[in-house]
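Submitted below is the structure of interest, expressed as structure tokens.
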Amino acid sequence: MAQLFEIKNGEQFGIFVLIKAADIRTARNGKPFIAFRFQDRSGSMDGMFWSATEEEVNLYQAGKVVFLRGKRDTYQGTPQVKIESMRLAEAGEPDDPTLYVEKVKVKREDLEAELDDALLLITEANIARVVRKIIHQTQEDFFVHPAAKRLHHAMAGGLSFHTLSMVKIARNLLSIYPQLNPSLLIGGIILHDIGKTVELSGAISTEYTLKGKMMGHIVIISEMIDRACSEIGIDPENESILLLKHVVLAHHGKMEFGSPVLPQLLEAEIIHYIDDMDAKINMITEVLDKTEPGEFTSQIFALDRRQIYKPKF
Amino acid sequence: MAQLFEIKNGEQFGIFVLIKAADIRTARNGKPFIAFRFQDRSGSMDGMFWSATEEEVNLYQAGKVVFLRGKRDTYQGTPQVKIESMRLAEAGEPDDPTLYVEKVKVKREDLEAELDDALLLITEANIARVVRKIIHQTQEDFFVHPAAKRLHHAMAGGLSFHTLSMVKIARNLLSIYPQLNPSLLIGGIILHDIGKTVELSGAISTEYTLKGKMMGHIVIISEMIDRACSEIGIDPENESILLLKHVVLAHHGKMEFGSPVLPQLLEAEIIHYIDDMDAKINMITEVLDKTEPGEFTSQIFALDRRQIYKPKF
Amino acid sequence: MAQLFEIKNGEQFGIFVLIKAADIRTARNGKPFIAFRFQDRSGSMDGMFWSATEEEVNLYQAGKVVFLRGKRDTYQGTPQVKIESMRLAEAGEPDDPTLYVEKVKVKREDLEAELDDALLLITEANIARVVRKIIHQTQEDFFVHPAAKRLHHAMAGGLSFHTLSMVKIARNLLSIYPQLNPSLLIGGIILHDIGKTVELSGAISTEYTLKGKMMGHIVIISEMIDRACSEIGIDPENESILLLKHVVLAHHGKMEFGSPVLPQLLEAEIIHYIDDMDAKINMITEVLDKTEPGEFTSQIFALDRRQIYKPKF
Amino acid sequence: MAQLFEIKNGEQFGIFVLIKAADIRTARNGKPFIAFRFQDRSGSMDGMFWSATEEEVNLYQAGKVVFLRGKRDTYQGTPQVKIESMRLAEAGEPDDPTLYVEKVKVKREDLEAELDDALLLITEANIARVVRKIIHQTQEDFFVHPAAKRLHHAMAGGLSFHTLSMVKIARNLLSIYPQLNPSLLIGGIILHDIGKTVELSGAISTEYTLKGKMMGHIVIISEMIDRACSEIGIDPENESILLLKHVVLAHHGKMEFGSPVLPQLLEAEIIHYIDDMDAKINMITEVLDKTEPGEFTSQIFALDRRQIYKPKF
Amino acid sequence: MAQLFEIKNGEQFGIFVLIKAADIRTARNGKPFIAFRFQDRSGSMDGMFWSATEEEVNLYQAGKVVFLRGKRDTYQGTPQVKIESMRLAEAGEPDDPTLYVEKVKVKREDLEAELDDALLLITEANIARVVRKIIHQTQEDFFVHPAAKRLHHAMAGGLSFHTLSMVKIARNLLSIYPQLNPSLLIGGIILHDIGKTVELSGAISTEYTLKGKMMGHIVIISEMIDRACSEIGIDPENESILLLKHVVLAHHGKMEFGSPVLPQLLEAEIIHYIDDMDAKINMITEVLDKTEPGEFTSQIFALDRRQIYKPKF
Amino acid sequence: MAQLFEIKNGEQFGIFVLIKAADIRTARNGKPFIAFRFQDRSGSMDGMFWSATEEEVNLYQAGKVVFLRGKRDTYQGTPQVKIESMRLAEAGEPDDPTLYVEKVKVKREDLEAELDDALLLITEANIARVVRKIIHQTQEDFFVHPAAKRLHHAMAGGLSFHTLSMVKIARNLLSIYPQLNPSLLIGGIILHDIGKTVELSGAISTEYTLKGKMMGHIVIISEMIDRACSEIGIDPENESILLLKHVVLAHHGKMEFGSPVLPQLLEAEIIHYIDDMDAKINMITEVLDKTEPGEFTSQIFALDRRQIYKPKF
């Protein structure tokens, strides 16, 4: 079946999609309508449902899969759906929401294999045990969570994909700069964003949790390390554990970006660079993929609204 | 016996003092000398010990109490000691370093009584138990530690004195603004700087510990709360515990001042103001005390080098 | 009679309200309509008046009281009025605009009594005479003006209410920190925003005056002090008068917030903190009052768009 | 007689100079010495007076003129005096301190003539009367005061010289941009820094006055305008007077530079540019005058430590 | 024939205008409409063309001249056109787009004469030859290009008009400050923005070119100077050429405004001031021209949204 | 022969060293002395030469090689030389200054081989030709110049070493992120700092050249590319050349760091990260090499005075 973004402007269609958001509003004529945001693996698109009955308002809520008939349209340059009719997906039809969520293009097995390889690079015993413990506890979420609500790697599996891209860069740096400590560098990278499994609600309709808002993923990771030590029976005042906490606490590089301490280890400084660089490459590539050679991308918010040019050669 | 700052310029004296710092340097003539910083409860003063022998270098180290003979002198406007002779304090003489450390002027019993009163204001059960647990664990340090290495309340007992001044302001705000939650406000204030018992080495020759530098007192407190819950058997994911952590994590008010999250509770915002205001009053008062009416203080570093005027009336 | 914000969504009503603003716009069909903002003591609400005749446009202007029939509605989450009919309030009906303006919830007599008490704390003769003179001159406005056009205490009586909340905090600080000069502290607080009686037009449809825009309330107060001295016959070059001017000139704390000089008196520094803290508490409390426990407020513009959480306990 | 900066390195000399500063310090050998700063119209130079007796310390104080014998020397790249002997200037000798203070190179009569011409450009009656009144009151100081303690035009007469250079630029702008209001532009320029006659102590050993520190010259000027109106009998609430106050209040261009309001008149904006530009040209020219073609100047503090190149052509 | 901004609100009209922009959008009823922006020498105005056929969409594109019948209307305070009918301008009618572009009000001959005069002030031979060469190469564009896409002097001829206003100020400064080097000052001003002939596409529908975006007009000018030297046969490593490049590279005054080096010549510093001042005067005057005495202008974006007051006298 | 930093504190020695700097100063006793900075490949160390004769001042100048006898000493924690005697190196002795300049530890042949390999990655013909042309022209300097006067890679060969470390990272990124354009990435890296061969004077007593100060190495590279095109006969307006210029112009990442344009190509953004990361690793490693495990480094100026911890494991 066709995906949302494969349909051409003006074309008629009937496909299954996930309702990502459904806001009730009042039209100028005083009647309520529903502002839908539909989603499948090709992306998200808006559509207005005019003159909705109370029953329809209750039926079509965020998180439901629906069979949608309509026409692909454009409003002020942005593609949207002109809804003709819709109904809930029934048993026997593809009604599992996870089928419609955007995912990274790498297989989970490949990411797992890369993670296993990476764990072998951690030679300091305390760090190795703590990292393995936390991976073990968060495994399910680690491979399913996005790396962010918006911005970069904001799709299912984004967290592990981003983490393991960083590991690839780090492996190479270890060979160029032998002075780097592999346990702190690789251990720090694997854990650096793993607090997002607590900070964010999950891959479907991603939201910040209360704990995520009140503590931030950076302090959450430090807490996870402390608790893991207690569970394994490692003294959390060991220098190696303390420095592992430091590496994750400092990885945003600057206080104004939410790190409570500045990097005071070479590895903390480097993780900050790798993290930032991989995020930027991901963000830019995503918009470049939707841009023609010889054109500029739309403004990229997280790059201070810069536009990036796609060369012709 | 006279104190260092009671001796007049040009006066001869013989008193016991603590060696706060002792740096070995080489004079122009190639001979080593010791740059001393002496301390008693009236403050700290420098003195140069010329042509020191190796034995003397080994004998007179930081942390030792000595009987010092000399003359009060002035160098570029700053009082200093012209050393005539010195010897280590002997048994039977006042050789306890704590006798020479600057202390707050309030009695510990009074501070303890104020703390006990304040604890009664915390009505939420989880917060009450956690705060009492941590106070119990850090009690000795809480009443002895300074609130900072430099800047404000940088003297023995400064931590508890600063904390309880803040409690006084908070009690009053609770009566003006009944919408404030007393458990979060008073609990948050009592704990807000208690991580400094770990971040700083103590009242004598105060230094940052490795853990203090690598994690900062803000994250240390959050960790203390988490561990206290585990020891008492409280679920750390309780909203009240989460918000207590938030209040201490956010109390620096801005990320660039080291808070990993911005205040998202009214009480977090208010603690930031009370903390900042009490610190500023303490800093300014300290320099005003050494200033004549009708004059400006010296530049106050932590106020962006501002000078404060002391009115004549 | 019911107030605007007491009517439930979907409910029919007929009440008297004040027209706070009336903008003429053109609909898509080319006909003019009026975008009204109605107000009573419960707050302000929008409503569109379609296909207005020229006569209606002239009749229903800002500042007029009308009898409004309609239905309470919601547009994109914000309550609004679906207008059915309206007519001007007639003689004998409640047609005084001041009846519909939001006011502080404290009685004027209470505020006056608090002010009288506060004046007694000013012991320095020059400051006492100048403050009383200015209070005498601006009394009517002082108890009626808002403290701001938007942001905090933006309601009738807000200026005196804000000022006297600050006085309450200051009284307490005087007992905790005896080094504070009560004449400068209390005198400075009473005058600190009194220039707003000149800077702002009043409590109904509050606007900046030309003098307010061109000089700002901070310089206006300094000028009021200077003129009061001239009228009473006090030498304005007295140190106490000079320092009183300084305290008000410096009370915004930083030059980028409009103070032409930085605080150079302990009291100037403290007034800045009290002012800022009371304003923040007022702003946050106002939005928390409209928020359910367990929810976050909407973004608060003056707190850099932060959202505040309302605890469940 | 030779001037300080005309004497070559290593040369012996005997000349009259003014003692600009005389600090008493203690040498390594324990004996007091005087760190002098001598001044004549060619500039200022340091010199150490070793092993000073108490009598000498009392005799040679700042503000005294002395006959100084010594040798021109260099210390770390900076010229200094190696003192051989000194004595106070006696009656009949050139013992007037004003003879040794650096002055602008233009004759006072010329500046007075330029000022008279400029006053004629002010056509609005209220502004014309107020400006003339203030000039009349401050005339003696206006032609003698420096424009600053340090930085630009920091010499006797600098205030009027700087003001009248600005007038020259403004006259030209009036011909290029006829939309400029000459009364506000010229009146504003003449008054813009005249508060410095109150803010600074004078041309010899220039210091900030208490009023200068506590109010700043910007608010002082606004106050001078208000008082002048009262003395002449002009209503200070006239728009022309209000705008004149605005022009001087806003002339620093940004709040962080001490203006309590931002420029809201074209003339206020322009005065800010002219002021800044004339100050920069003066500062740069002064250091370029001491620089060889093909070389860079020393770092200029007020230009964020930039160095300026002096071309060879 | 009447101009767009000469027509009164509500008046019927039929005039020739240029289509500046034509965006295709979809109305609520699902039908496409064209959002036009029309332009003539009096300014630009919007108008909606409802229910456009595909043919009309293809016909009425940006850059075309049309005969437009309609009624002058207002939408939310902004003037707009209520379109009744339109057709393309035909042969014999005024169909040249350049007739409808806003132009400076000075005659090209006058600007050319001023430029010729200015060139005579450049006495250094290398600079004189390079400036004349570049003027010769870019002459057509220099007198036709705007100085900017938006902001100041954004109209045909704006580049030369802005440049020659700056020259007028500079001539005057040369007489007040004889230390200024006329070749660097005048040569630098003439070239300072001439890279905009490459950076911007032209006077009609002004856009940034790819080279303009990728290099910026500042580096483009430096390159033009280097190439001109090569073509004339001047050694580009001559100090005079190097300093001429510096003056244009540094003329934005600060790195954050796009200058790769800070001003290190007095002339570079001064050009920055003159440039900035003339731009501000132009921007402010343009909005003041549309403002009544006693009113404030609308917010001026490039002045950080400040509003400027137009005095009554 | 021993190197400066191999000699232990207190040890006697006699070795050849280069005089890096020789400042003449006057001692307290009025006699001149020379403040030397000696250098060999192990680093730089100060030493004072008391009571120098005029002949000695003329003899021992910066850039000369001398045989130095003395004792390794310490002054305020910093190692220094207590000079006993010195004489100029004679013919037959190791008197070539380049022998004493700190160099990168990699052989030039290896760097040349890496460069040759890297050039093969550039597949776009214009970029390939221009990069080879410029490498050919600057080859001698490219392998000898430092990458900076101070900060990172500030040693002979530092420019090529830094460039080729960046190439190693880039090669790896090309395999992780196939969307990167190798011609722009590798070509941009090779050229990104090559303007430093013009901006800096060389490896011995490195200073900025006049052209370096006035244009900056970033614009110089753009100019080198333009001239290379002209010499080879490539149209410099080709997109590939324009983008190559952009990549070097934008590589400082932000305008305030001296890039006249912000990165608008993915490769420009990435080069900025690689450059910054390699520089930071080099700076931190250099100070960590002089630090004991378990200690913090001294403050690193270019990291905003941060101190980096050297782990014990």
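Here are a few things to note about the model shown:
For clarity, chains are labelled A, B, C, D, E and F in written order, and residue numbers in each chain start from 1.
Criterion: a residue touches a chain if its C-beta (ideal position, glycine included) is under 8 Å from a C-beta of that chain, and two chains touch if they have at least 3 such contacts.
Treat the numbers as computed from the prediction; the structure is a model and nothing was measured.
Its C-alpha atoms superposed on chain C, chain B is turned by 180 degrees; the angle is given in steps of 5. Where the sister copies chain E and chain F meet, the same residue numbers recur on both sides for over half of the interface positions. Averaged C-alpha coordinates put the centre of chain A at 61 Å from the centre of chain D. Taking each chain's centre as the mean of its C-alpha atoms, chain D lies 41 Å from chain E.
One inter-chain figure worth recording: chain A and chain C are separated by 44 Å, centre to centre, where each centre is the mean of the chain's CA atoms. Multi-chain contact residues of chain D (touching two or more other chains) are listed as 210, 213-214, 239, 243, 264, 296, 309. The touching residues of chain C, counted against chain D in their complex, run 210-211, 213-216, 218-219, 222-223, 226-227, 230, 237, 239, 242-243, 245-246, 249, 255-261, 264.
Within the complex, the chain B residues that touch chain C are 124, 165, 168-169, 172-173, 176-177, 179, 181, 183-184, 239-240, 243, 262-266, 269-270, 273, 276-277, 280-281, 284-285, 288, 296, 304, 306-309, 311-313.
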